[in-house]
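In the two assemblies presented below, subunit A is common to both, partnered first by subunit B and then by subunit C.
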Partner chain A sequence: MNEAMLAPDSTRPSDRASGEIRLVDVTKSFAPGSYAVKDINLTIPDGSYCCLLGPSGCGKTTILRMIAGHETPTSGEITIGGQSVVGLPPVRRGTAMMFQSYALFPHLSVLDNVAFYLKMRGVGKDERRRQARAMLERVQLDHLRDRVPAQLSGGQQQRVALARSLITNPRVLLLDEPLSALDEFLRLRMRGELKSLQAELGITFVHVTHTQPEAIALADLVVVMDTGQIDQAAPASTIFNQPTTPYVARFMGGQNVLTGKVEGQSGELLRMRTAEGWTFEMPAGQSPPAPGTTASAAIRRDRVTLRKRDAEGAVPANAVPGVVEATEYQGSYIKVTLNTGMVHAFVANVGDAAYAAEPVVAGDAVLASWLPADVHVLTKPDLGDAGVPYLDISH
Partner chain B sequence: MTSKRSLTPYLQVTPLALVLLVFFIVPIALVLIVSFFRYQMLVGLTPDFTFDNYLDVLTNPTTWRLYFSTVKFTLIVLALTFVIGFWIAYFLVFHIRNLLVSIGLFLVCTVPFWTSNIIRMISWRPILGKEGLINQALLDSGVVAHPLTWLLYSDFSVVIAYVHLNTMFMIVPIFNSMARIDRALLEVAVDAGATRWEAVWNIVLPLSKTGIALGALFVVTLVMGDFFVVSVMSGGLSGSATTGMFNDLQFLNYPRAAANAVILLIVVLLIAAGIFRLVDVRKELVR
Partner chain C sequence: MKTSSGRRPWTFYALAAFFALFVLFLYGPMISVLVLAFQGPSGALDFPLRNPSLIWFAELAHPKGTGDVIGAFNRSLPLALIVMVLSVLMSVTAGFAFRRRFHGATLLFYTAVASLIAPGLVLSIGILVMFRFLDLPAAWYSSALGAHLSWALPFGLLIMFAVLGRLNPSYEEAAYDLGASRWRTVRDVVLPIVFPGIIAVALFGFTLSYDEFPRTWLTAGTKNTLPLEIWTMTTNVTSPALYALGTVTTIFSFLLIGLALGSILVIQRRRSAQR
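Up next is the complex of A and B:
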């Protein structure tokens, strides 16, 4: 759309300041001896959409607030566009924050809400109202400019909050759970709007969420967090297909985690044996774990094939036996949960055609098998204490 | 069955309606009726319908002087209690992070209310009096050669006492309004680059408006209706609108006192209506 409409004034430089965010060894502690986040190292490229993903209390909002300047790191360095911002007030960082539940001023009209950032920057009344109206036209809310926030729907409030944060033309927009206050239908719609807005503006978006599909759908860079630390920061497809830790594999859903002892390597394939005596193979990858050590591997749920199993025969390689615990219809596939005797349930997402060919019901004894190519080794063994998935999204 | 059901809501409001009727409407109606009676010295009251009492009150220069004095005190006290109450509430709500400490300090504010009004007023005498703490300190340090006489039994001491007695009524509703302000709004202000003053002016003050209006209503009604504080603290040198009524009652001139009361009631109602026009207090009360 019209770029010029966004500009707060004509003096805005044509080349926008870089919105690259760098966190170096950032630690934040609210009380001595306990850390909200610890030793965070993260680079968010300029103009990217980054999602900080993790369960409540994992420190993702703390990171966002430190970038915004609403918290000061206990130690470490934060730079935006190459310039250190630690100790600077938010207004001098070129960032704007959109708060959870939007925090619109209940006593001000929509127009004055949007104009507020300009008012605090000393822009005259007529000028800031003119710019605020242009901004409201952009988010298609100009007809509601005289209303107060209480008279708006959730989606409209969200757009007002967006307009308010964007009016100063920030190089970084920080969004704290921006979609969590919306119902499912609106959430999907606003998700799309956020993504296209970011693409259009080309500025850096940092978005905090605890919902996996949201992060996967939006982000160029997904940062999965667990209790104050980053487990993996990578593009969504990498996070989803090649999680590095059992925590990420479980948290993102879509993966089964198996743990066993490494037996050895034959060619490209690494062999592993579980405590139950099942063996499986997988591509060894760049730095395979040494033989004799305990390691974990992840298997994609949708690559698992189920077969009914009648005889108590030997279990072949690359398979686990189990009893169907539950089946759940998901439209294009059926989620089948197996009890294999392991701590975590084993889940197979069977395509609807495959399921129709050989349906299984709860109580059936089955054999779940897969190809070695669909397995990959995790960098950390699953010791059972890795974070339990907060939301088990069965995709 | 249907008639019974339609009676239910009326039965439900009956107890409260009765209380209001007996303790509020009947006394006011009596005052209103008596204000039209005729009063004759040594004879007493004769039922009548005369405006003489009102004329008498309104044409009396003393009435105007007392009303002027009362309104003056009200405005001064309103301004002082607002400034003090607003900042105390602001401090308690936004600067004390610990809720327990905040509640504790709030209770400390109520400590003066643990004793009677009279004690609280009399306790000013050893402080403000001719041989009081302040004058002794000033004399001993050589700042003044003669004790300050305007400290006690003056408009100054009246205002001091009023502020002391009434600031709490300003703190409570403002505290209540402020406690409902979403802290995130202040963070938005910081994000926008607002200074603390700008945040207070643009966000805290407008969102505390209903609390301020309620507090103002309390202070106005309390000061306008006061008779005791002003006579004690001014040593009888100043009076309030109610002082006129008190004097009439001493002469058993109930009709004129009643007329005066009706006039005071109308004045206070007008002020209240003005406050309600400025701020929708009801919004706060039903929230």
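Up next is the complex of A and C:
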């Protein structure tokens, strides 16, 4: 047995082996001919907080369970800290998983739940209880050690589940929708606690969620998934500001997607024309699509300016005409939804000061315009076949 | 609960009367038997109760005119215990097997529970004929045991399927995640969680066997079980000793049920109360 295998059992953080996770061409199929995930290639750096984000059924939980050792990939390789883990049980991988409903053992006290791992390793009663108490003290639950899980609140159960996982001294902590069972207030608090815990422990966290704000708030690396494949894996700010596909742009919210034909390039600016005849420009970037091809671009909602429009005049470049469908007060800004005749509504998030200067109401004809710098080309054109789940969950 | 005006609708009284009648039918006979078991030496098989005494209980212990009650009990009790143990073992293991959806599971399930529908007396005749044909001796520990299992086992299976079907698989995954072997997972996690269900199976197995008449009638061989003995007594014993026997067996059954329910309660209290 080598060093890396022994490391998860050691108690000194300095001895901890690398928690870098690498998935190479991983495919999982539960029934012949259909894939839960297909050809996944992903590297999660050691000590990072990674969120797997996507709608239900996109395969994010399957990936998590394959890393945990609760599913075996149909093909492909998974390594943790450089060593292949396919076929190894969870304890030998140095992973620990926190289950969606926490899966605390209902017949055991909080203390015995936390001590379960040590009991399985044959640690004596006094010693394992001492260690479990120390772990409970870390999550500030030592005073509840004699309760059973049914007597705890959701937030307390989550912390017990954390303590039970962390006592295995893992190099990777896997969290399956850890916040979904909590109410809104508790969710925000536990979100903060998870983030600071990860920073404190310095181990790799992989967190599965279907909620965009959760992923953006927590993750160093956001992996956006769609029907068994990774659409984009990047830091949160990149995912939010520079989504590469129409799916990611829509799923993360905050972006409008326009699709058209590439007309040409003048200097640094690429010009596109939509089927409606509207034209707009954007920075061409590294590898712009060829003239004549269909391409899509994303425009940030909060960079759109609205002006009332009375005449049926020509539409200038970098603008779309529309009719206000709804306005929604959001505190610091007003979310204005426009009907432009396109499949998806066009949304402008207008700052409260700008809105006060020129308020619009439902039924108003307006022109939405923006600067080329706030647009960027997507790598895939929007052909209307990508799923559009949970549109507008985030504002 | 009273309505705000304080008047109850007539349906309340109608349903209350119906319920009272139901309770009377449920416990009336039992109480009659219990009271008449204390009939005096000169008393008859029905009311009134004259010179209350315990002589009929004494007669049970030292049979003169009555049948071999003690002997019947000494067969019924071990039979019920064997049926109980076998029901638990088979139901629990079958319950585990059926958690994985294997090929033909549904067919196998219906085959196993179909004997619930088969009429007991017919089954009893069938088993006897089969034992004769195979030239095997019919006795309480062979043919009657099989007949009782055909009755108790389906109930056990139904209970365990329901209990294990509701068991969240993530408990077992969590145990695996924490380094438990398959056997430790069963011993330390699954069995303690489903233990109340196991007690229910044991209780059903025991009482269904202990009380069973139709399936025992022809399969018990030459020696009677307790229900068969009581039935024989109703035809040829005309003394209140019958009531004394009824009282003793009823109390025995209640004690057993109380014991089982009590242990479930203790477990649940231990789980939910602060220790």
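Methods note: the second predicted complex is superposed on the first by the 380 of 395 C-alpha atoms of A that agree within 3 Å, B and C clash if a C-alpha of one lies under 4 Å from a C-alpha of the other, contacts with A are read in each partner's own complex, and residues count from 1 in each chain.
Rule of thumb we're sticking to: a residue touches a chain if its C-beta (ideal position, glycine included) is under 8 Å from a C-beta of that chain, and two chains touch if they have at least 3 such contacts.
Computed from a prediction, not measured in an experiment: that's the story for all the values here.
Annotation: superposed three-chain arrangement on subunit A; subunit B versus subunit C shows a clash. In the superposed model, A:Met97 makes contact with both subunit B and subunit C. Comparing subunit C and subunit B on the residues of subunit A they touch gives the larger count to C. Applying the stated contact rule after C-alpha superposition, one finds that A:Asp146 touches subunit C and leaves subunit B untouched.
Shared-chain residue A:Ser109: touches subunit C; no touch with subunit B. Annotation: subunit A residues 68-70, 89-91, 96-97, 99-101, 103, 105-107, 116-117, 119-121, 164-165, 168 touch subunit B in one complex and subunit C in the other.
Subunit A contributes residues 68-70, 89-91, 96-97, 99-101, 103, 105-107, 116-117, 119-121, 164-165, 168 to its touches with subunit B in the complex. Taken together, the subunit A residues at the contact with subunit C in this complex read 68-70, 89-91, 95-97, 99-101, 103-107, 109, 116-117, 119-121, 146-148, 150-151, 164-165, 168. Of all residues in subunit C, those touching subunit A in their complex are 168, 170-171, 173-181, 184, 188-189, 192-193, 195, 271-272, 274-275. Subunit B meets subunit A in the complex at residues 182, 184-185, 187-194, 198, 202-203, 206-207, 209.
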